[in-house]
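What follows is subunit A paired twice: with subunit B in the first complex and subunit C in the second.
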Partner chain A sequence: MRMRLFTIIFLLTFSPLLNATEWRGTGDLGVVVERADGSLQVIETTGNTILGRIEGLGDLSHASAVFSRDERFAYLFGRDGGLTKVDILQRKVAARVVQSGNSIGGAISQDGRLVAVSNYEPGGVRIFDAVSLEMVADIPATYGDGKQSKVVGLVDAPGNRFVFSLWDAGEIWMVDMSDQAKPVVRKFMDIGLQPYDALITPDGRYYIAGLYGEDGLALLDLWNPDKGPRRILADYGKGEQKLPVYKMPHLEGWAIAGKRLFIPAVGQHQVLVVDTDSWQEVGRLDVHGQPVFVMARPDGRQVWVNFAFPNNDTLQIIDTQSLELITTLKPGKGVLHMEFEPRGEEVWVSVRDIDRLQVYDTDTFSRRADWPVLKPSGIFLTSRAHQIGL
Partner chain B sequence: MRMRLFTIIFLLTFSPLLNATEWRGTGDLGVVVERADGSLQVIETTGNTILGRIEGLGDLSHASAVFSRDERFAYLFGRDGGLTKVDILQRKVAARVVQSGNSIGGAISQDGRLVAVSNYEPGGVRIFDAVSLEMVADIPATYGDGKQSKVVGLVDAPGNRFVFSLWDAGEIWMVDMSDQAKPVVRKFMDIGLQPYDALITPDGRYYIAGLYGEDGLALLDLWNPDKGPRRILADYGKGEQKLPVYKMPHLEGWAIAGKRLFIPAVGQHQVLVVDTDSWQEVGRLDVHGQPVFVMARPDGRQVWVNFAFPNNDTLQIIDTQSLELITTLKPGKGVLHMEFEPRGEEVWVSVRDIDRLQVYDTDTFSRRADWPVLKPSGIFLTSRAHQIGL
Partner chain C sequence: MKQPVLIIASLLFLAQSASAAGIPEPRRIELLNLLKHDCGSCHGLSLKGGLGPPLTPTKLQGKPVDFLAATILYGRTGTPMPPWRPFLTNREADWLAQQIKEGVQ
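And then the complex of A and B:
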């Protein structure tokens, strides 16, 4: 009896302390992918610290994440077809399905009730209930005489729609999930050869697919879908490359700052400046290497650029008003990804080859934090929950 | 002993249940001001429900709120000079100071560490530590031969700056709080007579003050402050009014959709369309009454307009592409405020005179929820934490 009472008293004494740690806002949290280990680090951006690790998430090479609308859960899309719902508040796996053999990214619907995954094998898009991860819709990417296409460039758009591109078919599909029981698919044919990735503008209006098989890009105005896709930037792409392409640039990394779009030139040491009224190129900036991500600080005043091997130890920061280089940073070998805090005062940087996760002040460029993390790659902050297309 | 054991067992049995409710994301929360009662309702936007009430907040007429960067705390600015830090997760007052005799709004710094309040009496801005609410800086709005000016239009800007206007002095001041111990104040003189309110564009670049004492608006480009403020929209203001002005429109409510700014005409039944390249008026739309708030859906495809008495039972929705009226809603008498969910699928509406808080689908315009709330006014969602100038 004495022993039992002791236990009871112990629990009563300490459980309030345990409770105290549970009261926590989720607006300043994020996850960092440790690609080699199939794990995540949970971070917080107020004190710039690491809160803990979540393991057992499968193959996380090229993994990406989206967030529930309450900013508590991350949905992680693994290369092995695994879709994992992670509770970042309790730091544990809440649900997990292996939904295909090979997948390449996903999206969450505007209302937060559906999570979509784009698949290579078998080709198509599968859509899941965000609470339970039960499958709600299966949309095979069937084209021509019954062939299956790999799917890339999947994004969410206003109106509970998902938009994606068919690599093999050269098509863009738009799925309206307003009625979950009756997905409405609209197909846009002959958009160009081999769309390899895509982006949607931050207002959710323009969907732009990059083409691997030819020059130029396909642009679809979602406010005026009846006009169909049109080709822009006819000079953009493989055709003009003067150097071997070490890595196709990520389209998700394109930066819109005011009325200008900043995009990586393929295979060249340049960033292109595009006017978003005319969708014409209006300038080129020489940079340190082949750009991979070109990302705008949330206020649009700076763009930050990282580079492909062998120049991947460097970050360059460009003033979007003067178009001049502000500074060059050398975080270390393997700068893979950058993520701005939502109001832009700091940026988080993954430096894979030296196993470091760093935080920089975007005004003074001083380093604010530097943590050991195993082969960090993608960084995703919960503030993405509130943004269209992320 | 039996009684005590019973109590212990009761606590052990039920405390896990109590704990379970504490695990909660904060990204889908918000507060609604009950102006007559000095209380707040805490809401959540996933199930569109009311979670509970927080009381004892003083005079909340014209009250507004900003949020901590983790989306857990709301800072409420009361008309009586009260600054209250509310824990919306635990639904209680975390800290409260009465910092002046009469205040009119506030802002939180880019890094979330400072909260600023603008005061009528005594005139000036006071800046507080966001954790403790201890005063960090006191900036009297002294002008001319030692007079004190009322302060209005206080906003945060990138670079941990606050910008505000001096009603009596006709000045705009910018305070750089990068070094908390040494606020750096820059003053812009002769901006026009009696600035009565102001806004900052969503990218934090342009600060625009409305002028009560003369026509036109004062615009300051914060990327190029050396150029000083300039006057725009020379026809805008009291001079052109054809009808009595029932309520000066809120400038915070101005909507930027793409390259167009939608603003309420003063004293007329019109919304003005302004080009943000030239800052010239490019169109006028006839609407149901004198507009008060003109707010853009987050994707910029629609603007929603409410109206001054006696037309304040109505909402009108305009298509920003065609500039045509999409629909007219009649929520009830006293439509005071609207707040969009961050991705724009729903909007919350305060209908004061019938004591209702309503939620509308922004695609179908169907009513999704309708709750009894006492004299609701301002609605503020935690997603504002991630936005510049809110």
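And then the complex of A and C:
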């Protein structure tokens, strides 16, 4: 009897509070960039619904996000140099700085304490305290006789390091932030012409920069940095007429499935297959258009590919074992980005020109959800918080 | 009396060329969408620059519309700028060049 009374009192006291705050985790949440409106949509992947909108985030063309390790905050990197820390549970801006005139992406450090942004204008990298967004380090990408290069392909690496590439200078820089007060910069010169984006392998060992200005890719083994970067796939595309490139491929999504790396060919309607032991090309797959994102389902069994203008209404799915095309989907004009749920059973797809956000079953390829979202581009799920390089 | 007629005539002429040289409204919307989102993927959504240079009126001062239209149609060798001729008529390229020069909202 006494117990029951206690229970009633407890419920009367706390249930309004419980209802008001709706305790929930954030492991099934994510954000979708509405690139034209400067806003985010918060999504949840358990019921495949949209929870709400966060506005006033500036120019979000080409915006990307990383997550705090507690998966509560998204750090959003806007085109206009804006760095915004968003509380996705409360769906509001927690902190915001406009840290440069023109930026392209960012990364969060291994220990989660630092957020780095790569800038086009002024060219370089700036590093911020993840709690307060106060600047901790400013690293201008100076080269030659004092010019500043645009910076691309910024990733986090083990050892609390950041690695990035200099588009104008053809260099890779590695910044060790073990001691926040004393960033140690190591530069690798002459890596190739116009690195336009880069990736780090999921184990954090290899940093690979794609080269726009010449054939091949630059590979840096972060376990053996003294050996310096080396060129891989240097013969790729040689002597072939390249098609005009209407959208630069993205390398963040480069897919590693088992021992095979799947990468978008620049200026060709092909996906390249590379053996990750020898770093030799072992195959080429003809696809619908010039690939932009080539992304592996988390289990590595499938690779999903989207395409540049004017073929951007299509998705193709490739079997990584047989290297055969499994199916072709037509979500609509302007397929910009895909994001797999952490265990890969579903994938979220943004379709810009028809203002839709779609969810597909990766087994049956049926559409599970289809939401109206204004000019959606990047989709980022909180599970990225625990992946090296994302 | 003659002068006002001339003025009206030239105004009409100007109005006509400003009405997008016979490009129908739906196509103009398509072209502006292309400019914002596809050109914008390198030049920035607000055309303030990205990997590609900014395309703001101030930055394009001294660059004639013909030159800009030719760049749109044929691309720039030695840079990532591709030719958009497969998707645009000369007239549409001229119109886009003019939009950029004047500044797009």
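Simple rule for what comes next: the second predicted complex is superposed on the first by the 362 of 390 C-alpha atoms of A that agree within 3 Å, B and C clash if a C-alpha of one lies under 4 Å from a C-alpha of the other, contacts with A are read in each partner's own complex, and residues count from 1 in each chain.
Keep this in mind: a residue touches a chain if its C-beta (ideal position, glycine included) is under 8 Å from a C-beta of that chain, and two chains touch if they have at least 3 such contacts.
Predicted model only: the values in this text are computed from it and were never measured.
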item	value
Of subunit B and subunit C, the chain that contacts the larger number of subunit A residues	B
Touched partner set for A:Asp59, first subunit B, second subunit C, both or neither	second
Partner chain(s) touched by A:Glu22 [first = subunit B, second = subunit C, both, neither]	first
First (subunit B), second (subunit C), both or neither touched by A:Ala36	second
Contacts of A:Arg79 with subunit B and subunit C, given as first, second, both or neither	second
Which superposed partner A:Ile104 touches (first subunit B, second subunit C, both, neither)	second
Parts of subunit A lying in touch with subunit C, wherever the complex brings them together	35-36, 59-62, 79-80, 101-102, 104, 120-121, 150, 152, 167, 194, 196, 212, 244-248, 309-310, 334, 352-353, 375
Subunit A partner contacts - residues on subunit B that touch it in the complex	8, 11-12, 15, 19, 22-29, 44-46, 67-73, 87, 89-90, 110-112, 158-160, 178, 203-205, 223, 258-259, 277, 298-301, 321, 342-345, 363, 382-383, 385-388
Contact set on subunit C toward subunit A in their complex	33, 36-38, 40-42, 44-46, 48-51, 75, 80, 82-83, 86-87
